[in-house]
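Read through the structures below before going on.
Next come two complexes built around chain A: one with chain B, the other with chain C.
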Partner chain A sequence: MNVFRFELRRTWVGVAVWTLVMTGLLAGLITGALPAFLESRAGVESMLANFPPAFAAAFGMQMDNLFSFGGLYSFGFLYFSIFGTIMASGLGLNLFSREKREKCMDFLLTKPRARGRLFSEKLLAALTLLVVSNALFIIESLALYRAYAPAPLLIGHALLAASSLLLTELLFLSIGAVIAVLARKIRSVSGLATAIGFAGFLLSALHSLLEEESLRYITPFQYYDTAKAFFNGAFEAKYALIGVALTLGLMAAAYARYTRVDIPAL
Partner chain B sequence: MNLFRKELKSGLKPFLFWTLGLFVFIIAGILKSSAAMADGQFMTELINKFPRIVVVAMGMANIDISQFAGFYAVLMQYVFVLAAVYAAYLGSNAVSRESVDKTYEFLFTKPRSRSYILARKLLAALVYFTLYACLNLLFSVLAVRQLALDVDYLWLYLRFSVAMWAVGLVFFSIAAMFAASMRVSERGARAGNLTVLATYALAVVYDLFEKPGAIRLLTPFRYFLNTEVLDSVVQPLYLVLCVALAIAFLLIAFIRFEKRDLGAV
Partner chain C sequence: MGYAIETKKLTKYYGKARGIVDVDLAVEEGEIFGFIGPNGAGKSTTIRTLLGLIKKSGGFATIFGMDCEKDKVKILSEVGYLPGEVFYYDNMRAIDLLRYSASFYKKDCAKRIVELADALSLDLNKKIEDMSLGNKKKVGIVQGLLHSPRLIILDEPTSGLDPLMQRTFFELIQRENERGATVLFSSHILGEVQRICNRVAIIKEGRIVDLRSIGDLRKNSYKKVSFTSASPIESFSLAGAAQVAQDGVQTSFLYSGEINALLQALAGMPLVNADISEPELEEIFLHYYEDGETEQ
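Showing the complex of A and B:
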């Protein structure tokens, strides 16, 4: 378990800082904006009263969902996703390209451990960090939900919604890992991770702007839809399955490559 | 000139990659715009009366998608993000690429000062970023021609492209400064990228408030507001601010780079 311990020691501080920032942002969003957000409902409703009843009725259906804990949480989720996916893809890139960047591949691979074992230990270290980080995020989400959301509470729904961040991060961990293993050279982990995270965000923004359904197949931020989880208690199976399949497929590809690739002489 | 040419050559592949992203984003965005604008008019009228925080939570901040110009402005908001990430990459890459590739001993023992070399590298990167802004203009014109609109928006595209260039310039020089100031190149790159992320988060916070006040000065993403660029209320103040910030950051970058210890980490 040396590799596991080593990677954990090298990366836990970064993940801890990301987690701190994200939990802080979540607390700030909910405690700072939720009361004002819920109060503004009355104003919007009185305005809607001036509109044709049919329209007000159609819009009113969404009011309960929009003006709720889940409504604001789902809005914030888009931005937490940027932070989370930059962290997760950075973790994947960092761990699986470490020896490549530091030009010590031969050092690690000549040790009496199979490559599969090395890969698994690195993966386990990344998973441990992401799971711990998200456990904190989920616990905080549920605590805020209990404290701020009006009854009736649907803890199951909230749990599912909060865990969609973990699932999205796992997908980006796989993306990071596969890039780290395939790329000939990684010049900057943070540069690539930022580009990947913002690419996910921009795809998501494009999808919501155009409301083009087919775009959603390539929009990782919306594979695990927080709003759907909050209000229906389930992700949309089609997209969730794509997400899971991609996560596992990419990680398997990274594993296959890592265990077979030729190591260039230095 | 050798150095400048070589820098242009090595920057071409990343440039093409980022151009592809810009191309897809603009073309897909504009070609599909009519569908998004279809029910935009009524919604926009309604939503503009909502409290700010509700509008932001519905993802409709600064949006007036009833008309093409408003839609284009929203698209540009996101293109700014793309440009900022690219600009930060260019800035830190220009400074620390030789260290990362462990070729710094080869280059910096040549009979040229560090400033001379750095200036050529930054200039080559800036050429690419300027090209990027020009391509933004070109793609916009080409994509919109497919829509066959009866109004000519050329000046609008130009204003947004200039704004994009100015905002990117700030991130470019901040990233260069961080890369030049830190001994470990990965740390420099990380600081530059985190600046993009943090200022973007601040831009979202800016949107949340009815009267954000001084936050605007802290985030280049809000130096050029949609509404102002649309109404061609030129903000020379912010344009000057962008250039002044860029000059200041680049100056620090040069000073630090002259003095620092070059290393391979």
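Showing the complex of A and C:
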């Protein structure tokens, strides 16, 4: 497990920073913004009424349930998703292109370790970091839910809603991994990860703006619909399945490539 | 005793581009085997196929009797590899990198790391990215030898090492060899191959063109002949002569064949001076690269 430990040591700080930012934002949104937001409902509604409805939709506001814990939480999720997916795709890019970027494929791949095992240890390091990060996020979400949402509490719904972040991040981890093993060269992990995260956001905004249902098939932020999970206690099976299938399919593709590709001389 | 490395008709194409074609090698355990050819001839391709870095297109390759693809992990635990250009992870000290490297082998390499670093006078606490090319190379050498491998594969290993360090390096390799390690030494510099190898394979355009002992290659096959004649000799020709160069009264060539025939031929000429000597490996080597003009 030396590769696992090696990768963990080299990536945990970045993930810790992202996690701190996200949990901080979540705390700010619920403890700071939620009470004020609920109090000024009439004012906010009249302000939003001046904008075209599509505008609010593009920014993730669903008017029918916005003024509730779940509504605001789901609204905030669009933005947590941006951060989470930048973090997760960055992790995939970073781990699986590390030797390529630092030109030491020869070093790692002439060690007595099967390539499949190397890939698995890297993947395990990424999963460990994402799971720990999300465990903190989920625990915080549930604590805030208990403290701020009115009875009756539906912990199961809140748990499912909170875990949609992890599921979305896993998909983006796969996307990052595939790009990392396919790309000839990766210049900047952070730049590419940011682009991927924002592309996810733009697709989501586009989908909400155009209200074109077919676009949702290519909108990863909405495969695991947080609001649906929160209010109905379930994701929409069709899209959730696409998300899971893509996550597994892309990771399998990255594995296949990583274990077979010829490593050219420098 | 079995072969340390054996390949039969080993072939690699990159798409349609030729890598190596029908390479047959048999490196005996305990020898230092040279592998020479110019850049692009297929030395690295052969080595990378042996190491499982690239997949062969055909033929077979074994190391210590084990298949290079199927038993790769087992093989690699006994192989030390030093590539021509060394790059390592950013932001690591030499000692961290070497410890990480050692953690892949099921033995304690801590003592060996210190020994090798001492021999090469390498500062283990320095960050690798701050090191000179030569020092990076030393990290590579320690990295390749720290687990006392049974087979050492060197791909153009001396680039970036100053002559003094090259000597230390060759001594290290020879000591490893005396300990029992087999060495595959690839290079395009013949002098260094000549210096430590027992046998040598010459590769040209992806194919092995010759395989001999260093002694054979130099002594038995070729003589370097040059002479000065009293008057310019019109169109000199002699069976067995190659690389004939004429400049006025000066004539020089490489000769392979019956020595009496050579002397008889020379005796018929108006000689002022003559010199018959051992050619440099370099000069013999050129002979393999003359396209189509070689007399056999």
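In the analysis below, the second predicted complex is superposed on the first by the 241 of 266 C-alpha atoms of A that agree within 3 Å, B and C clash if a C-alpha of one lies under 4 Å from a C-alpha of the other, contacts with A are read in each partner's own complex, and residues count from 1 in each chain.
Everything that follows uses one rule, which is that a contact is a pair of C-beta atoms (placed from the backbone, for glycine too) under 8 Å apart; a residue touches a chain by one contact, two chains touch by 3 or more.
Note that the structure is a prediction, hence the values are computed from the model and not measured.
Legend: residue contacts after superposition of the two complexes on their common chain; A:37 is shown touching chain B, with no touch to chain C. Of the two partner chains placed by superposition, only chain B is touched by A:191; chain C is not. Of the two partner chains placed around the shared chain by superposition, neither chain B nor chain C is touched by A:146. Of the two partner chains placed by the overlay, only chain B lies in contact with A:205; chain C stays clear of it. When the two structures are aligned on the shared chain, A:9 is found in touch with neither chain B nor chain C.
In the superposition on chain A, A:110 contacts chain C only, with no contact to chain B. Comparing chain B with chain C, more residues of chain A are touched by B. When the two complexes are superposed on chain A, none of the residues of chain A touches both chain B and chain C.
Partner chain A is touched in their complex by these residues of chain C: 14, 44-45, 48, 51-55, 72-77, 79, 81, 83-85, 87-90, 100-101, 103-105, 143. Chain A contributes residues 2, 6, 98, 102-107, 109-114, 260, 262-266 to its touches with chain C in the complex. Within the complex, the chain A residues that touch chain B are 25, 33, 36-37, 40, 43-44, 47, 51, 66-67, 71-72, 75, 78-79, 82-83, 86, 187-191, 193-195, 198-199, 201-202, 205-206, 208-212, 215.
Here chain B touches chain A in the complex through residues 21, 25, 28-29, 32-33, 35-36, 46, 49-51, 53-54, 56-59, 74-75, 78, 81-82, 85, 88-89, 92-93, 97, 100-101, 185-186, 189-190, 193-194, 196-197, 200-201, 204, 208, going by the rule given at the top.
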